Amino acid sequence: MIVIMKRGATGAQLTNVTARIEQSGYRVHLSEGEERTIIGVIGNGRPLDRDPIERMDGVERTVPILRPFKLASREFHPQDTVVKVNGVSIGGKQLVVMAGPCAVENCEQIMEAARAVKEAGGRVLRGGAYKPRTSPYSFQGLGEEGLRLLAQARDETGLPVVTEVIEPQLVPLVTTYADILQVGARNMQNYALLHAVGEAQRPVLLKRGMMSTIEELLMAAEYILSHGNERIILCERGIRTFEPYTRNTLDISAVPLLKQLSHLPVIVDPSHGTGKWELVEPVSRAAVAAGADGLIIEVHPRPEEALSDGGQSLKPARFAALMEGLRPVVEAVGRTL
Amino acid sequence: MIVIMKRGATGAQLTNVTARIEQSGYRVHLSEGEERTIIGVIGNGRPLDRDPIERMDGVERTVPILRPFKLASREFHPQDTVVKVNGVSIGGKQLVVMAGPCAVENCEQIMEAARAVKEAGGRVLRGGAYKPRTSPYSFQGLGEEGLRLLAQARDETGLPVVTEVIEPQLVPLVTTYADILQVGARNMQNYALLHAVGEAQRPVLLKRGMMSTIEELLMAAEYILSHGNERIILCERGIRTFEPYTRNTLDISAVPLLKQLSHLPVIVDPSHGTGKWELVEPVSRAAVAAGADGLIIEVHPRPEEALSDGGQSLKPARFAALMEGLRPVVEAVGRTL
Amino acid sequence: MIVIMKRGATGAQLTNVTARIEQSGYRVHLSEGEERTIIGVIGNGRPLDRDPIERMDGVERTVPILRPFKLASREFHPQDTVVKVNGVSIGGKQLVVMAGPCAVENCEQIMEAARAVKEAGGRVLRGGAYKPRTSPYSFQGLGEEGLRLLAQARDETGLPVVTEVIEPQLVPLVTTYADILQVGARNMQNYALLHAVGEAQRPVLLKRGMMSTIEELLMAAEYILSHGNERIILCERGIRTFEPYTRNTLDISAVPLLKQLSHLPVIVDPSHGTGKWELVEPVSRAAVAAGADGLIIEVHPRPEEALSDGGQSLKPARFAALMEGLRPVVEAVGRTL
Amino acid sequence: MIVIMKRGATGAQLTNVTARIEQSGYRVHLSEGEERTIIGVIGNGRPLDRDPIERMDGVERTVPILRPFKLASREFHPQDTVVKVNGVSIGGKQLVVMAGPCAVENCEQIMEAARAVKEAGGRVLRGGAYKPRTSPYSFQGLGEEGLRLLAQARDETGLPVVTEVIEPQLVPLVTTYADILQVGARNMQNYALLHAVGEAQRPVLLKRGMMSTIEELLMAAEYILSHGNERIILCERGIRTFEPYTRNTLDISAVPLLKQLSHLPVIVDPSHGTGKWELVEPVSRAAVAAGADGLIIEVHPRPEEALSDGGQSLKPARFAALMEGLRPVVEAVGRTL
């Protein structure tokens, strides 16, 4: 950390600040410019909390030098993490496509979707049993019945299942049925939930909050890692901006940035990222070209009858076409589908 | 809801859409323009889910007519709601200032803060026992010990206590100690938590998420209302924008807008809303002038020693000066302090 | 400026960077931490360009220490600047309300508006003769005829006139008629225009761009100042965010922040800042309470017939009521109306 | 347009609104719901101005049905526009890469850059002679001398030249030297400039403003088209968001969206879009995969000596490697390089 003193800060103020830093177990290094004094804080590996220092008399502001995440950083863990689940490897050479309906609605729907996903080359089945919905009057998911149907679809198709868990208490139940636990965008900073999945024996698909910076996403991963779970898949799913044509603005640069900053695999959700099914195909190709390790796509046998997010779901035939169109791009970046 | 058909939509597509709407129990009203057909959906009071319709062939987009919230709306409940807690009325003529430290740190700190708040004219004591922190390595609060200290401060000063609850399981415990349950910005769409506080026997202070729209805030209130708890206080605390000088951008227009759209009381948090103690005073005055029913302000006996958010906390003397400066503005808008 | 070297940067890289800095006439001050070397750049008063340094091998990033604006800063010019125009002082004790229609439409309309503004206590008449409109098919203003009508309204009422200038070539013409030149939000970074008004003999009302930071606003002021014009009035008029209920999000914190960082007067535009006439009154009160030196408000004799921005204009009676309601707040903060 | 009346609007209010609409030459179509009356405005092809209607008593809000752009729309002009300049076709099968330094600095630099661009397969040379810079103290470009050097580089390499024009008065001069006129992001709503390039005899590269919606970009194109110039190339270059790691957030969905909504070619600027040279390569591949017709990339022989934007410029060797890596992706989407 660097501390920038105010122009005209007194010697006594400077002494107080350096004393405070040294009491916390750090060394200081002074640099006196013509207008301001700068204090370098030389550390013991872990960043000093900036807030209290920033509040001291004579301090203008502080500047962090070290990234606040450690276990999630590539500096700390240079090799790529590959998350393995039921024979599928996420973060390796193969691009992994996860697909399925937004919400599990009934047996026929999820079975039909699962077969379509499998047939087109998808590797993981997605489907929500617990749905966080903006309105209390909207369909909230089938709950445990939905989990049971997902497990049934896995048994038939062999596809591992990813599904969202929305509160800490549900982690044990969802773990019984699901292969990957999803933490949704609205819960990216639900620390009680991060704690709970950090102790679970399942890989975690961690979605970026629609209001979260890349650093905050990596700090959320750090929570999970610090509780012992190293099998985390990061997911870029669009951030909120002023642009109204799309539901969110998919931050494509986040893909190579996350791969540089972290060792964790990164996938992209073009369905929520755009909110429009017509955009899912081109944005999927872009994500692969930018270096994503996988995709998570909404597929519904009859989107016009979907109980949630129908507008961004693909029909099975369209999904199969997407997979076909994806293949040359996957190969162009040296991967397999 | 209005459905806008695509230019060139076929008669069969139109028939399908109208059939689907009528099957859901609504009536349709067609309006054929020169370029497009528009379908008015005439309702049974509750909005039809737009997503599935939007996904049908021939549909360009849909437009909502009714607001999606009902119990929270002023249309439904024209009189102002006044939330009463231990002799303090929030939403009435008196402006209610809640103040205290970001986190409860120890007995001496919270007692000192509570006395300072009381003496300067604050009506409610705030303090966090469970802290949602971006980093897993930051101070996370004292937990139940913090709740106990808050209750002790209330017993001494008579100030009712507001404190944050961060997961559904903790609601019963926090309810034992606190007078008002706070749902923090990061949890505004934690629906399991909204459900739990909706069933609690305590008023709820609901903070706007940092990237949540006003409509989403009212939908979160609707969750709580629909579970039976009508004692909700809305809180504007700044939204996330591109401006880096301040921690958040306080949305001052949200105050009169929320008062127009809803009957619930509205308070403002200038400490989180700006992130800089120098801005707390002018922004507090602005909030009162805009029609806020109250303020929630961070006060710490020694901000430079605070374990969290020291940079936005006021010292007791500064807080007393703020209260003094607030008085003429409070009176100018016809209220009391 | 501070230069943060990468972890593991070589001695040769360090030597290159320091050599480059010294060649540019600055001194360096090294600080070697356990993980990284930090270089303090000690200056000659003017900031070194960060971009080229940031691109050198071994450099992780650079951090600015000095603010990039100088002439606009309060450090450089501690006293408040008061802009005087035809007997009106902006930035002094009196709160100055500028009001009038978005666009000048015809003689009757501008005369009627001017009289209403004068009668209610407004001090400056606003009105657009050249209108930047999103659509090429919308009304673009009356041009010079509009300027003539504004001058006529000034002659009758004695109110000085502020009007927008949208290209450098028009500055001489607009200067002939107007008392204050307005640079609109869309032109805040139109440097050719800033240059031209910087050389004009008229005060400049500089509006913040809808996606411009406070620092960028002050840099735009720096352009004008550096061309010799010191009579600048800054205007907060709302920034673009994700919130759809209001046209923009008025950044109330910008008012005290600009007053801290700069010596220039600051006014607020609640009409564009909210886009809704119902919000103009409470937001005007908030702006005054936050410390604004003035307001600029849209008033139209018949908003429902306005050729632009009718939705945010006040009728004369409503404007008079606003002025009446403003008075106690103005006095509460120790100013006059 | 649709007009939504307020709940409880009176018959007289409804009559006034419909009368006003009919006076403007439109027909009305009433739809009475249980709670509100909706008025469909049936048109004469051109949208009615919504503002005045929205301000009438009894009106809650209005909803546009038609897109406000026409000449720029694919509905109006279904075939792709291909912009031809000196033998290069933009918007056809070939992906067109434009490259060169941010600013022309001297003869050696631009010649070296031009040769490197040509050799690696670039088709158009970019370089700024007039630079809009945030600070008045930064290098502002060589002006006409820069234009002369660009023309010299074209003469030697055969590459057509694109360069920015920053004010209407400079259009004739820049037209003398340049093959494509660039309108920069900060000038996207500089209507005097749009007017001037709309009358110029050169193709226009129109960059999206960092604060502009897709609709506003197309409205800016509409300005140019409505003044007679049909040779427009749209450019996505990142929008401003809350994410601080990157300079802007490149909106990848804008590429397929613009191709759907409009017939104009679309290119992407990954250099400004990310602000980091390490991200230029993966984001370039993503842009091609999403369907972009071209790229515009900053290349500088010695970025560490660049007078502007060095941090996002590629060295020639790196640019050549980017072109090589791009080829398989270009072919995967059925295009040529």
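For clarity, chains are labelled A, B, C and D in written order, and residue numbers in each chain start from 1.
Note that in this section a residue touches a chain if its C-beta (ideal position, glycine included) is under 8 Å from a C-beta of that chain, and two chains touch if they have at least 3 such contacts.
Because the structure is a prediction, the values reported are computed rather than measured.
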### Message
Can you check whether chain A and chain B touch via the same residue numbers (shared by over half) or via different ones?
### Response
same
### Query
More contacting C-beta pairs: B-C or B-D?
B-C
#### Entry: Approximate Å spacing (C-alpha centroids) for the pair chain B, chain D
39
### Inter-centroid spacing, chain B versus chain A (mean Cα positions, whole Å)
26
### Summary
Whole-Å distance, C-alpha centre of chain B to that of chain C, is 31
### Query
In chain A, which residues are in touch with two or more of the other chains?
211, 240-242, 244
#### Entry: chain D - residues contacting chain C, complex
20, 46, 49, 51-57, 68, 132-138, 140, 166-169, 186-187, 189-193, 209-211, 216, 219, 222-223, 226-227, 240, 277, 303-311, 313
### Query
For the complex, which residues does chain A have touching chain D?
211, 213-215, 239, 241-246, 249-257, 260, 273-274, 278-279, 282-283, 285-291, 328-329, 331-333
### Summary
Per the touch rule, the chain C residues reaching chain A in their complex are 2, 4, 7, 29, 31, 33-36, 38, 40, 42-43, 45, 63, 65-66, 75, 211, 240-242, 244
